[in-house]
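The structures considered in this document are given below.
Here chain A shows up in two complexes: once beside chain B, once beside chain C.
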Partner chain A sequence: MGELPWWSVLLLPVLLGAATWAVLAGDAVLRARAAGGPGGAALVAPAREVARLLAGQRRTTVAADRVLGGTGAALLPVAALLAAAVLPMGERPVADLSAGVVWFNAMEVLAWAAVWMVGWGSNSALGLVGGYRFVAQGLAYELPHMFAITTAALGAESLRLTAIVDAQRDLWFVVVMPVAFAVYLLSAAAMAFWGPFDAPVARDVAGGAAAELSGVDRLAFVGGRWLLLVVAAAMAVPLFLGGGAGPLLPAWGWAVVKTAAVLALLVWLRHRFPTVRMDRYVELAWVVLIPLTIVQALVVALIVLGGA
Partner chain B sequence: MDLTAALLRVAARRPHVLVVAVPGSAGARLALEAALVRRGWPLATGPADADVLAVAGAPGPELAAVVERIWRQVPAPRARIGIRTAGAADDALDAAAALLRDAAHQRRPPATSTAGDDGRDHGGDGDRSDRGGNGHAGGHAGGHDGRHGGRHGGDGGAHGGDHGDGHGDGHGDGHGGHHGHHGHGDMELPGGLPMADLGEDRDGLVLDRLHVPLGPVLPDWPAGLVVRVALQGDVVQEAAAEVLDAGRAAPSVWPDPVARELDALARFLAVAGWAAAAARARALRDGETGRAEALVRRVRRSRTLRWSVRGLPAGSTDVAALLEERLVGVEAATRGSPSARRGVEELPGLLVGAELAAARLIVAAVDPDTERAGVPREVRHG
Partner chain C sequence: MEIVLFWVLAVAAVVFGFLVFRLNSMAQVTFALLASFLAVAGLVLLLGLGYLGAVIVLMMVIEMVVMAIFMIMYMMNPAGLMPMAMYHNKAGSMAISVGTFVVLAAGILLVDWPGRRGTPPPDPTVALGEALMGGQMLTMMTLGVVLFATIVATVVLATDRGRYDRLGDDLRARRADDPAGGGVGR
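Right after this comes the complex of A and B.
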């Protein structure tokens, strides 16, 4: 129990960066195979992409709000890293906050502001549309998402992530609360505007919120988005998949394996489904998912009361 | 050690390419897209995302002027190529990669960093005649020009937000000239840009209205098409469609009508955000058109896609019906009886009232024939 030593703060970006690299490369391989091209080169695609953006010139648009847009782009990776601070890597997180679940959720909502700021800051119609699309998306996915993570906290009777992991020693929460887990997976994709929820940066609006970004601004934005995806996927492990629990492998090994499995699922989701229109999803989310997650929370509450 | 040069060398192995499609040059575009797939080079979403600006075909004066503006928005390191014939794609891409790798070349001032120059004449159409009056610098030439102020009769200039988009706009600045007032003398405006004007929305509220040109350089957009829309929020209030250099080029020669239908279907699937199916459609288009029907079945089976487009209004019909029309078109072509294509003039009527994402789907599903001379038409809301 307890926290990792202070220097693990420095390790966090490295670990997340490595995980991000892996998922980026996997996604690039899948995409190359779908197009019928060579998949091998896709493995080094992340390195080439980073080099491209590091060497790229920054650009601006007429009357752009550079402070706002720049802050937004930088905020995205920062929010992802801060969210990861409460993530148990193996058994212990960098910061074992007593309200870890709330902290994670707060950091994730920062991304709404970040994407909107980037979209608004570029002073471009398509960027603006992309920024507002993400705000609308937030309204759609956030409520079921909050009920889902609340259910996990309810099951453990604690908002502390290490306590949630401990509570799953006998039975993983994914078994007790499958609906909450499924909803969490959807919102993990939605919060990283990924997969079927990528409308805010879609090709139909020429990159949307990111339409006018180049160079390091784009690197921060795109990198931050990937980090967010990895963190959201990794958070499913302590919340629903028993954290580092498992035979043979050390706790961190199991955390990595389970995170990779969740990420693979999210990558598959993106290749399998077209973009979901948010006006349709909001209907599904509010009419179907919210009642379902509330019922799920109720059932878990009854189990907890019965057990106590 | 020259770090930038090292980065440029690594980056030049996988540049993003912004493809400008020219009406009548589908052969060159297809060869270019196939070459990009072989190399694993991604398609750029817009000028900001591009390293290589590739013009597939020989553009007419209006499109060349747009290419010139787009080029000014592409950040360094960058290269520009023109592909006139299908056989030229690989050599041109190699040349572009060589330029991107060349640190000395990329460090030169922008004026000299064009290669394989394709945009020749861009002065002929009175283009940019109002630029000085608006007082904004060249970097973002697209998007706005004072003409809307004129068209909407004294509403004090027209649109605020869209100067960034630049993916759009073409030309046509001639419109401004004959109304002649841009009405932005009274107020200090950000960047010298006119503010958004006001108009009634569909509920009768008076809200900001932006004039945004869509095309001709947008991802998965028909070649040479420009749709000028007035947006409130992201709902299209007015739309006017036209084709740049209309009637100039002879229609593209398609060896197989199924390939043409698959090309259009790929654009629709890409706009619908289904990259994997779009890639499949393009792969079939470039080789195995005989297996098109399997893809059609797969698209029909997708519940998510149906759920997304069903009941999405497009004029008097919905996007699902337009998609079905497109799928039937593929099937008809495989049976050797290709169906007639819709004209550009049908677009505005379908677009008014749609929001931007729906408008993109409608344009992709209709896939108007931009190689036949169409008459530009404007439909106004209300």
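Right after this comes the complex of A and C.
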């Protein structure tokens, strides 16, 4: 297997950016069609928004913490890119780390710090509420999420993502561990504060953590959030959906198709369900999801022991 | 390359550690401490311990974000939002912390370290797992249970509401009387 050549480091942001662009445009078209208008104009909506934010002036608030706010906004896309370093694009990742699953988890958790810093940075009550909301939501999704990805690593007896893909030659992990897959999807949405878990940037707090962001800061924060969603969705493919395995198409083709399918599911989830408050989700996560994922891990452990 | 990385990370760890005492905002201080820890995690990664390095990043980010919330919550001045000094007895605390750093650094440089015997295992993660779940299994299990008991005991001591407040004097209320509703509908 091995790794991709060094220049793939430069390719990674481009590829992820393109994927993010596709999701954004798709989402905008869906929204426009649902509103009854033509979808065609919405296709260029992301470009218009990026240009607007790049040209837009930065707005500041009184006694803002520019250091933390700026760092937080910049940290979100960086965290998403670092997490994507272990993502097998087709067969090989940019960096085939031996502890790839833990690396992904560690980079994706940087979003906790990023969102809180952004919420704190603007010195606005609504922003701070959004930041605190995300930390509460993090406490809800993180543990079931860890158990879910641990279960995939357990099934392959390796933390290396290429090894996890190899272990799914005969049977995709989604068949063996459906609960872990479902929980992973929920936490992927929650970590990108997406869909039913968008309380940290919800309308009832005027945009929450992102309330006071403008210009390049907003572009980095919102773009980073989309990147994180795409990376989390793409990571579901090597973890549970057999990676690039499939007939006819090359490995990277299947990886793209499967990632698009997972993203479509997440987009549907967002449009189908209303926002779930994080205090409700905390109890659901700790009382229902954590025991479920532990039982799932136990079942997988027994299967692995039985097979060995 | 590795030597350059080592020095960059080492200097970053010390500088951010020092900033913890220099900055005057509780939030900035917490994240300066986090940056210092992340630099240390980078040094651990540089040693070839991929798993330990990634786990340090994971733990420290979660821990420091939660700590930021608690630090701000418990500050003496209103919500910890006003600028404040991070030390009391400036001269004494500076002497102690700089003195400790100098003594430790001098120890590192002056001690006649023994030469390396043996070689690192092919996969340090496996070696760590075998150490934790093999020979040190009992220690780790005991530690885990003690930590968990501490958490439960702390929460029980900290909360002013017990089961009688939730379920009535005879514990027969059909729905718990909670200040905040949960998601399972108990």
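By our rule, the second predicted complex is superposed on the first by the 308 of 308 C-alpha atoms of A that agree within 3 Å, B and C clash if a C-alpha of one lies under 4 Å from a C-alpha of the other, contacts with A are read in each partner's own complex, and residues count from 1 in each chain.
Operating definition for what follows: contacts are C-beta pairs under 8 Å (C-beta built on N, C-alpha and C of every residue); 3 or more make two chains touch, one makes a residue touch a chain.
All figures in this text were calculated on a predicted structure; none of them were measured in a lab.
S.K.: Which partner does A:Ile149 reach: the first (chain B), the second (chain C), both, or neither?
M.R.: neither
S.K.: Who does A:Val174 touch here: chain B (first), chain C (second), both, or neither?
M.R.: A:Val174: touches no partner chain.
S.K.: After lining up the shared chain so the two structures overlap, which partner does A:Ala99 touch, if you call chain B first and chain C second: first, second, both or neither?
M.R.: The answer is second: A:Ala99 touches chain C but not chain B.
S.K.: Is A:Ala236 contacted by the first partner chain B, the second partner chain C, both or neither?
M.R.: A:Ala236 contacts neither chain B nor chain C.
S.K.: In the superposed arrangement, which partner chain does A:Val62 touch: chain B (first), chain C (second), both, or neither?
M.R.: first
S.K.: Is A:Val282 contacted by the first partner chain B, the second partner chain C, both or neither?
M.R.: Once the two structures are laid over each other on A, A:Val282 reaches chain C alone.
S.K.: Could you let me know whether more residues of chain A are touched by chain B or by chain C?
M.R.: For chain A, the partner with the higher number of touched residues is B.
S.K.: Contacts for A:Trp116 in the overlay, against chain B (first) and chain C (second): which applies, first, second, both or neither?
M.R.: Once the two structures are laid over each other on A, A:Trp116 reaches chain C alone.
S.K.: Between chain B (first) and chain C (second), which does A:Leu227 come into contact with in this model arrangement: first, second, both, or neither?
M.R.: Neither chain B nor chain C is touched by A:Leu227.
S.K.: So, A:Leu266: does it touch chain B (first), chain C (second), both, or neither?
M.R.: Neither partner.
S.K.: Give me the intersection of chain A's contacts with chain B and its contacts with chain C, in residue numbers.
M.R.: In chain A, positions 132, 276, 280 sit in both the chain B and chain C interfaces.
S.K.: Can you tell me which positions in chain B touch chain A when the two form their complex?
M.R.: Per the touch definition, chain B meets chain A at residues 4, 7-8, 10-11, 13-16, 37-40, 45-46, 48-49, 51, 73, 75-77, 136-137, 139-140, 143, 159, 161-167, 190-193, 210, 212, 218-220, 231, 234, 269-277, 279-280, 282-283, 302, 304-305, 307-308, 312, 356-357, 360-361.
S.K.: Which part of chain A faces chain C closely enough to touch in the complex?
M.R.: Against chain C, the touching part of chain A is residues 65, 67-68, 71, 97-99, 102-103, 105-107, 109-110, 112-113, 116-117, 120, 132, 135, 138-139, 142, 159, 276, 279-284, 287-288.
S.K.: In their complex, what parts of chain A are in touch with chain B?
M.R.: Within the complex, chain A contacts chain B at residues 30-32, 34-38, 41-42, 45, 47-49, 51-52, 54-64, 122-129, 132, 196, 198-199, 202-207, 210-215, 218, 271-277, 280.
S.K.: If you look only at chain C, which of its residues touch chain A in the complex?
M.R.: 25, 27-28, 31, 34, 50-51, 54-55, 57-58, 61-62, 64-66, 68-69, 123, 125, 180-184
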